[in-house]
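In the two complexes that follow, chain A is the common piece, with chain B as its partner first and chain C second.
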Partner chain A sequence: MAMKKSYKGLFYAPYLLWLALFVIAPVALIIYYSFFDIHHQFTLRNYQDFFESGTYLTMTANSVLYAFLITLISILISYPMALVISRLQHRNLWILLVILPTWINLLLKAYAFIGLLSRDGLVNSLFSFFGIPAQQMLFTDTSFILVAAYIQIPFMILPIYNSLTDISDSYLRASSDLGATKWQTLTKIIIPMTMPGIKSGIQIVFIPSLSLFMLSRLIGGNKIITLGTAVEEHFLTTMNWGMGSTIGVVLIVSMVVVMLFTSTKRKGRRA
Partner chain B sequence: MKKFVITMITILLLCAGLGYGSHELTKSTGDSGDKVLNLYNWGDYIDPALLTKFQKETGYHVNVETFDSNEAMYTKIKQGGTSYDLTVPSDYMVQKMKADHMLIPLDKSKLTGMNNYGSAFLNKSFDPNNRYSIPYFWGTLGIIYNDQDVKPGTLTHWNQLWNPKYKDGIMLIDSARDIMGFSLISLNKSVNTTNSADLLAARNKLFQLSPNVKAVVADEIKMYMAEGEAPVAVDWSGEASEMMSQNSHLHYVVPTEGSNMWFDNLVIPKTAKHFKAIYAFLNFMNQPKNAAQNAAYIGYSTPNNQALKLLPKSVRDDQQFYPPQTVLKRLQVYSNLSPEKVQEYNDLYLEFKMHH
Partner chain C sequence: MSNTIIELKNVYKTFDDGFTALKDISFTLNQGEFYTLLGPSGCGKTTILQSIAGFTEVTSGEVLFDGKRINDIPANKRQLNTVFQDYALFPNMNVFQNVAFGLVVHNVNKDEIDQRVHDALKLVQLEAYANREISELSGGQQQRIAIARAIVNRPKVLLLDEPLSALDAKLRKDMQYELRELQQQLGITFLFVTHDQEEALAMSDEIFVMNKGQILQKGDPVDIYDEPINHFVADFIGESNIIPGKMIADYQVAFLGHQFECADAGMRPNEPVEVVIRPEDLVITTPQKGKIQVKVDTQLFRGDYYEILAYDDQHNEWLIHSTNATKDNAVVGLAFGPTDMHVMRYNESETKFNSRLESYED
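Our next item is the complex of A and B:
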């Protein structure tokens, strides 16, 4: 019996090692560094600075606001799209087409958008064809949010699509047999049953959106400053790893908060 | 699933095969052994033809590794485990590395051709008497404008950037020291000031610049300017010369009231091992014809006056990149600031970027 148990433990070892090396150790290091100042002295100053400085708090508010908008727009676009795709005949092909852009490097996609949105870009040429004067599109809030939403949409569609295809047809038939309208079926049956998919979509999209420093520079022209910009600056320019780590800890904590808010209560559902 | 596994294994084997092949290739060109020089340089910052020539003349093979910021280079050398023989920090970073005991002084008796350098480029505040460093390239911070939007000769002062006619028309290079720097110069202050009141004033002045700022970007600024996305930009002379080679409507000007002057310098870090190769290389680069070839390839300003004489007249007389003495006198070199002051510059700069 004891033999068997230790044998079983052997199977766990790689996973435990993986967790320890690539999950627990980095997080522990970030937390450890966040308690040191630029002279490598132990201090709580970084946290005090973060929560006392108007700059960092505004930046946090900005980050949350933009991440919220990006997530909202991705849901608004993704849900109807997932719904339509799940009804199509060749739905596997369509969902493949949705995933396809994720195979392309983020930087390449950003540069493609620069080509589209620039002053002499494709969108402005199209506008001038219809007699609309050229617009400044790069370096605006709108274009930043739209490009970020475009990049996040595949990650939102997939979990929603999966939860949609999980719904058995018998529920939908029962709903229409019992006299529900299409709208009622959608709001009372489909949306509640796909809530887990929406929630995991939010988890995947919201957190990375908090720190899209590369997009905020390339598309937003650094007029939108999020926490990611500050982390980059602290690690690369001022070499104040303590403050950079403190912001990292704040991001990790906010991730935990989002996870708690969107966690599905498994017990109730499965029972 | 089986197909997937087979594909993955094929790709991995291919990579391993190619990796082995390239390892063999570099070995046969003398990567290992004593006849090497490990150069840690900025990306694309030396004419590759010079490296071949150097190997032919001296037999030393140069391994080049690259970095993209002074801070990245500093961190990598400081963390150890490297064996770089030469690296190319900018002015303030020479000072910082020196203060942190990361440099080996130059043995002047082994150096030839030091008198090729112009006196304006030697004995600077960051390294008195050039004990540790030899200037490699130098340049300035200035204004780039597109002559389709801005009349040539009308934009010659930092203060003109605040003019409302450039509304939403200026691109800035994403660098705290440089942006705070030109604001300080426009207020008649030193770019190395540690006076908090001056720094606050510089930030407040930048706040007023906000309506004119179209974007604060990094390397992409070259592409944007070459494509005519903005009429005006603030950037370094080296970047400007690259933009101008892509778009003939662009011009570069160093404001006459002064600006920053930067130097990239060859230094020997503490990790160096191949000293014969190091001095062979330094002396090779000191030779006017080699320095001139490098300058022609990179397009930056060379501090080697004998090399400058070998460059075409159009380059020599180009006041954009070789400003006249009157302007040269007013240029200020950055000195290394304490970590607290660096933080202060960056915090104020961040506040400017967040200001709308």
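Our next item is the complex of A and C:
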């Protein structure tokens, strides 16, 4: 019996070790550093600065706004896509094709978009072919949001797709049998029943979108300063680790807030 | 007939993979009757239900509702409702919302919704459960809510797809009474699909026995039980002893080397036939008094009767239901009267079967 117990404990070890090293320790360190200024003196100044200076608050508002738009656009594109794919005959193949781009490095994808969107890139060549004058697309808010949404779409589609394929056909038949039109079935049955999928999609997409520093540099052309870029700036350029950590804490807190908002009240489905 | 509500005319259904699920199905359903489609799984009974409900398109033939062709009318525009095998109660809604769904999608006003949902819940004796979540209900309660949801739209026909199969034996029996009562109370047509012959016999006004995409026999429960058309129906509906024999002349049948007086007629002289004797029609007696002699092999106590398995000297198996036990390995006689036997011809069509029966029965 005792033998068995210690044996069982062995299986917990990797997870506990992971938790301690890569979750608890970093978060603790970030919180710890956030209370020190650039001269390694204990201070609450960082938080005071953050909430008093207009710059950081605007930055936060901007980050939230951009992340919100990115999330919204990915939902608007992902939901109909997932809906169509879930009805296709070889749906597993189609969903694989959607997931495929996530296997390609983010940096590579960003450079590919620079090639596509630049002044003499493919998109502008196409425009000139139809007589439309060349547009400045790179380094704009729109291109940043669209590219970010493109990167996030697979992460949004997957949970939605999974919750869609979980819906038994008999619910859709029952809805139609009771007189619901296709639209009513979508709004009253399918969307409410896939809410858990939509919520986990939001959780996966919204938080990383708050701190997309690489994309905001490469596609947004450094004009878009999000919390992510600020963290990078403080750690690598100004070496103000305290302020960087403070912003990190703010990001962690907002993550918790988003999780609370999107947590599903367990209604307990029938097996 | 003026009170025909549903009619199927020469309906065929072939699936994409080439499997033919329905072969030339034709029948009519009248208003206010309880019909059952009975057959083993895969016989096409659910496909018939789905083609009436509008979940599947028939390959050829016509589906008529109230005299109008509904082949191309989508399910949500058909004035009938379905109780599903897995109930399909929406997990994102509570009991009230589930029952109200059919009214909400038809934009019925709120007061009327409240009234009609209340009435429907009262009919299934669950009016106190309106605010419960579906997951809080037992299987039997979910079953009733599924029925309430289906009747709230006041359909002319209710389709029931094996609704009792998920319930335990006791509850299933109770629900049989309740369904029958509900059908008579509402006065609408029920089309019930099941593979359980007991359910079919207990509730139906008329049964359609199906196998391999065809309707083999239709009739009221007593007729189907007492006068099955062929081996399959006799075997599927209840338990039976089926012995090959020969029709010597009208009212004279021979099997196991003896000739017996029977109640069947209308066959060719010396035509090979099958004879059905129900286990409860066999009476155990002394070997001298019995018409045939068998040796008892096994006895099972079933509560309300003993099920006795015995063999005759030609190694035919005999199933006997008896209120009294007998001795293992004893040789006993089996007594039965002329009306206890039912003679079946090989490959007789239902039309010929019915007209032959009419020719000598009154």
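Operating definition for what follows: the second predicted complex is superposed on the first by the 257 of 271 C-alpha atoms of A that agree within 3 Å, B and C clash if a C-alpha of one lies under 4 Å from a C-alpha of the other, contacts with A are read in each partner's own complex, and residues count from 1 in each chain.
The working rule: a contact is a pair of C-beta atoms (placed from the backbone, for glycine too) under 8 Å apart; a residue touches a chain by one contact, two chains touch by 3 or more.
Model, not experiment: these values are computed from the prediction.
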{"item": "Touching partner for A:Thr55 - first (chain B), second (chain C), both, neither", "value": "first"}
{"item": "Touching partner for A:Met193 - first (chain B), second (chain C), both, neither", "value": "second"}
{"item": "Partner chain in contact with A:Gln184 - chain B first, chain C second, else both or neither", "value": "second"}
{"item": "First, second, both or neither for A:Phe127, with chain B first and chain C second", "value": "neither"}
{"item": "Contacts of A:Arg119 with chain B and chain C, given as first, second, both or neither", "value": "first"}
{"item": "Partner chain(s) touched by A:Ile225 [first = chain B, second = chain C, both, neither]", "value": "first"}
{"item": "Which superposed partner A:Glu233 touches (first chain B, second chain C, both, neither)", "value": "first"}
{"item": "First, second, both or neither for A:Ala174, with chain B first and chain C second", "value": "second"}
{"item": "Residue ranges of chain B in contact with chain A within the complex", "value": "69, 71-72, 74-75, 168, 171, 174, 176, 213-218, 220, 223-224, 227-229, 339-340, 342-343, 346-347, 350-351, 353-354, 356"}
{"item": "Residues on chain C engaged by chain A in the complex (per definition of touch)", "value": "53-55, 74-77, 81-82, 84-86, 88-92, 101-102, 104-106, 133-135, 142, 149-150, 153"}
{"item": "Chain B partner contacts - residues on chain A that touch it in the complex", "value": "38-39, 55, 58-59, 62, 114, 118-120, 136, 138-139, 217-218, 221-223, 225, 229-230, 233, 236-240"}
{"item": "Residue ranges of chain A touching chain C (in the complex, touch as defined)", "value": "168, 170-171, 173-181, 184, 188-189, 192-193, 195, 267-270"}
